[in-house]
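Each chain gets a letter, A, B and C, in the order it is written, and its residues are counted from 1.
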Amino acid sequence: MRHVLDIVNLRTGFADGTEAVRGVSLQVARGETHCLVGESGCGKSVTALSVMNLLPRGARRSADVLRFQDHDLTRASDRDMARLRGVKMAMIFQEPMTSLNPAYTIGSQMAEVLERHRGASRAQALERAAMLLGRVGITAPGMRLAQYPHQLSGGLRQRVMIAMALMCEPELLIADEPTTALDVTVQAQILRLLQALQAEFGLALLLITHDLGIVARMAQRVSVMYAGEVVESGSAEAVFAAPSHPYTQGLLACIPVPGKTPRDEPLGSIPGTVPRIGRDFTGCAFRDRCGHASNACSGIIPRQDAAPDHAVLCTMDLA
Amino acid sequence: MRISAATFLGLLIVGALVLTALGAPRLAPWDPFAQDLMARMIPPRWMEGGSPAHWLGTDQLGRDYLSRLIYGSRISLMIGVLTVVTSGFIGTSLGVVGGYFGGRTDDVVMFAITCRLAIPLILVALTVVALIGSSLTVVVLTLGLLLWERFAVVARTTTMQVRNLDYIAAAQAAGASTLHILLREVLPNILPHLVVVATLEMALAILLEAALSFLGLGVPPPLPSWGLMIAEGKDYMFFSPWVIMVPGVALFVLVLGINLLGDGLRDLLGTSQRR
Amino acid sequence: MLGFLFRRAVLALLVCLTVLVVAFSLTRLSGDLAVSIGGPNATSEDIATIRKNYGLDRPLPVQFFDWAANAASGDLGRSYLYHAPVSGLIKERLPITLGLGLSGLAIALLTAIPLGIVSAMREGSVLDRAIGLVALIGQAMPSFWLGLVLVIWFGLKLQWLPISGVDTWDGFILPGIVLAFSAIPALLRLTRAGMIEALSSDYIRTARAKGLSTASIVLKHALRNAAMPVVSVAAVQLGFMLGGSIVIETVFALHGIGYLAWESISKNDFPVVQAVVLLLAMIYTGLTLLADMMNAVLDPRLRAG
């Protein structure tokens, strides 16, 4: 089995009729970092929550393939999912300040993962928790275990979340904007930590971010999302070397590159906003903001190969 | 503005009972005080032994139950309204002063609220009525002097929120007197919250009056208070349960109506004061 | 934390002192106590004797400090009616009222918390609305009337449960239910609101991502955070229930503190009335203090502050 996570044509909609994810396909292999990138509201977090089956009440999800290792997640019951979550697949979130329960100690919250899934005793679980806290770079782990979340800084809390995710040695780690809420220096530390842990544990890492700088640094593969669709995907090298979708090009034009971007030239920006996508929407969702739009953009959009291992969802002639 | 079905039901109930109270002399088929010892404990007309002359039957003194029930709505509503006016005045004054001035003044107000909560409500009300003598006025004043604390709590917190807003500062800068600011700027802004409290307190006052009258230390006989009717019917309830069912249901429906109306107002005004 | 509790304790003491003054002045409302005690048939000589015997001829402040000092040392005076020490009367009756209050609280919590949780988990559903209706009905139900209806229904028609007295433990069930009804609406709404907030929080998403069981997510992670306001209100409600038990005790003929108070009020037995008012205020104040301490245990952030 090549891929740890295999998603083909994932669709997720909410009770109010919004289609948040519209036919996303992506794969993550063992030891690989796959970055899912896009603006806020493009459906990248919903994609992650769909995989974990953590969607809010009233949301529906469907997929041609939604496979984690050899588990078909489309058929997994809530009970099956609860046995996979925290064990084989783990997730960390954007808001370290609120993602830990204020009423329980760090140790208690970490230990309960191992107690539940491995039937470990409290002492065994705490021992592993202390080891992992040390591993994620927290000094005096024994003291931290007895502390409550409000006694820790944001960076420390995110380290705790990461350590907690590793309690049962998962195969897949989904990190949803793990550094967005943190200071820049702490961001770099956390990213380095994730890289080191990935190498050590052979994790498949699905990293969700809006920051192309992080993508450039971390990703082997990248999927660019826009309005619920993956508009461009491929190896990070290929996508960065030759961004082919007008949206990806626009995104890249928004970041200044030292030495490349002339000082007096204005930075690029993408005019307009993301349209609200209902059930009957057809065509390219980017067409109203796109400089290359034509009549064809209201029809069915082909997925073409810009190069081997580099797919683009666009009507433009890429040859 | 959309009114929910529940709010509408509340409006309907309260409206109907207000009309009943206002039109009591016309609506009541009999004099509520007229005794007829030959026609005692007649059951309601749909029951066996019922009489077409008395829709809801008669009580142990032969008084028409429907007429007493109709007149009873006057007592409940009067108690509710007058108590809320009294307690609303006391509580709002205390709360606004505490919330606006803060500091030591606020400490005193908070202390008063704490003390009031510590005082056992029914017990003290009973004692006061027992010592002064039972009458409608005494019951209203007693309840009014006791039920102000939620007005004070809500007036205090909302005044604190309003106090720091721009138009208060503007009024202060324009040299308006404190009293003027409190009455013209603060009060209108916190009024919606107070109206919601008023409905809750009115419901509570009506229930308390009934309880006091039930214990024999509320509205004096022969006034047709619903609580008193239940107390008077208590001795007969095992053989004629309707004597307590009729006034009890009336009481329940009125209080339910007021609460529904209060909930509706709260949603409508977007205030989030929870009980 | 200790400083906070100390301030709360001082406040509680001040509250009790104020209530002491209120309770004392309350019984002097009628003007001349001796006339009230003597009753309609007393001659002026009788009244003078009463005044002298009960020490009512002394200046009011003297009477007050005398009573307050004795109360502080546990001597609450003598009942005019029973010709016995008030403290003894209270000691004898208190267990019944406490039993009643605690069964009321237990029934209220055992009803309100599960219903509130279910309501929050199914927010907006038909079930949620139905449970909301229960709260609304509970709020509008006159407790003494509900008591009478239950007495008729259970005691007479079904004959399952005793309708008066507490010779056996099941005597507490019916009055407990009636008392609980007054506390259920507030507790239910609070639990529901707290649980809705907790269940939509980030830490619950984390708990789900950890693969915890629904029971653990709801009961351990969400409820713990929703419980704090419920604890505070439960303490307050228990205080109200003990004060309100006067109505229930007369309906069910339970000879607890409430019944004693009602009897004393009707018969002008003021030392007992004063003492019961003071006792209930002290219990209420103690309960709110207890709730603060329990919240400090529940929320580590309070402990640090």
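To be clear about the criterion, contacts are C-beta pairs under 8 Å (C-beta built on N, C-alpha and C of every residue); 3 or more make two chains touch, one makes a residue touch a chain.
What you see is a predicted model; the values in this text were computed from it and never measured.
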Topology of the chain contact graph, where touching chains are joined (line, ring, star, complete, other): line
Chain with minimal offset from the mean of all protein Cα atoms: C
Mean-CA-position distance for chain C and chain B (Å): 22
Whole-Å gap between the CA centroids of chain A and chain B: 57
Inter-chain centre distance, chain A versus chain C - centres from mean C-alpha coordinates, in Å: 53
Residue ranges of chain A in contact with chain C within the complex: 52, 54, 78, 81-87, 90-91, 93, 95, 98-105, 112-113, 116-117, 148, 150-151, 161, 164
List of chain C residues in touch with chain A within their complex: 201-203, 205-214, 216, 221, 224-225, 298-301, 304
Residues of chain B defined as touching chain C within the complex: 111, 114-115, 117-124, 126-128, 130-132, 203, 207, 210-211, 214-217, 227, 230, 234, 237-238, 241, 244-245, 248, 251-253, 255-256, 259-260, 263, 274-275
Parts of chain C lying in touch with chain B, wherever the complex brings them together: 11, 14-16, 18-19, 22, 26-27, 29-30, 36, 136-137, 139-145, 148-149, 152, 156, 185-186, 189-190, 193, 236, 239-240, 242-244, 246-247, 250, 258, 261-262, 265-266, 268, 273, 276-277, 280-281, 284-285
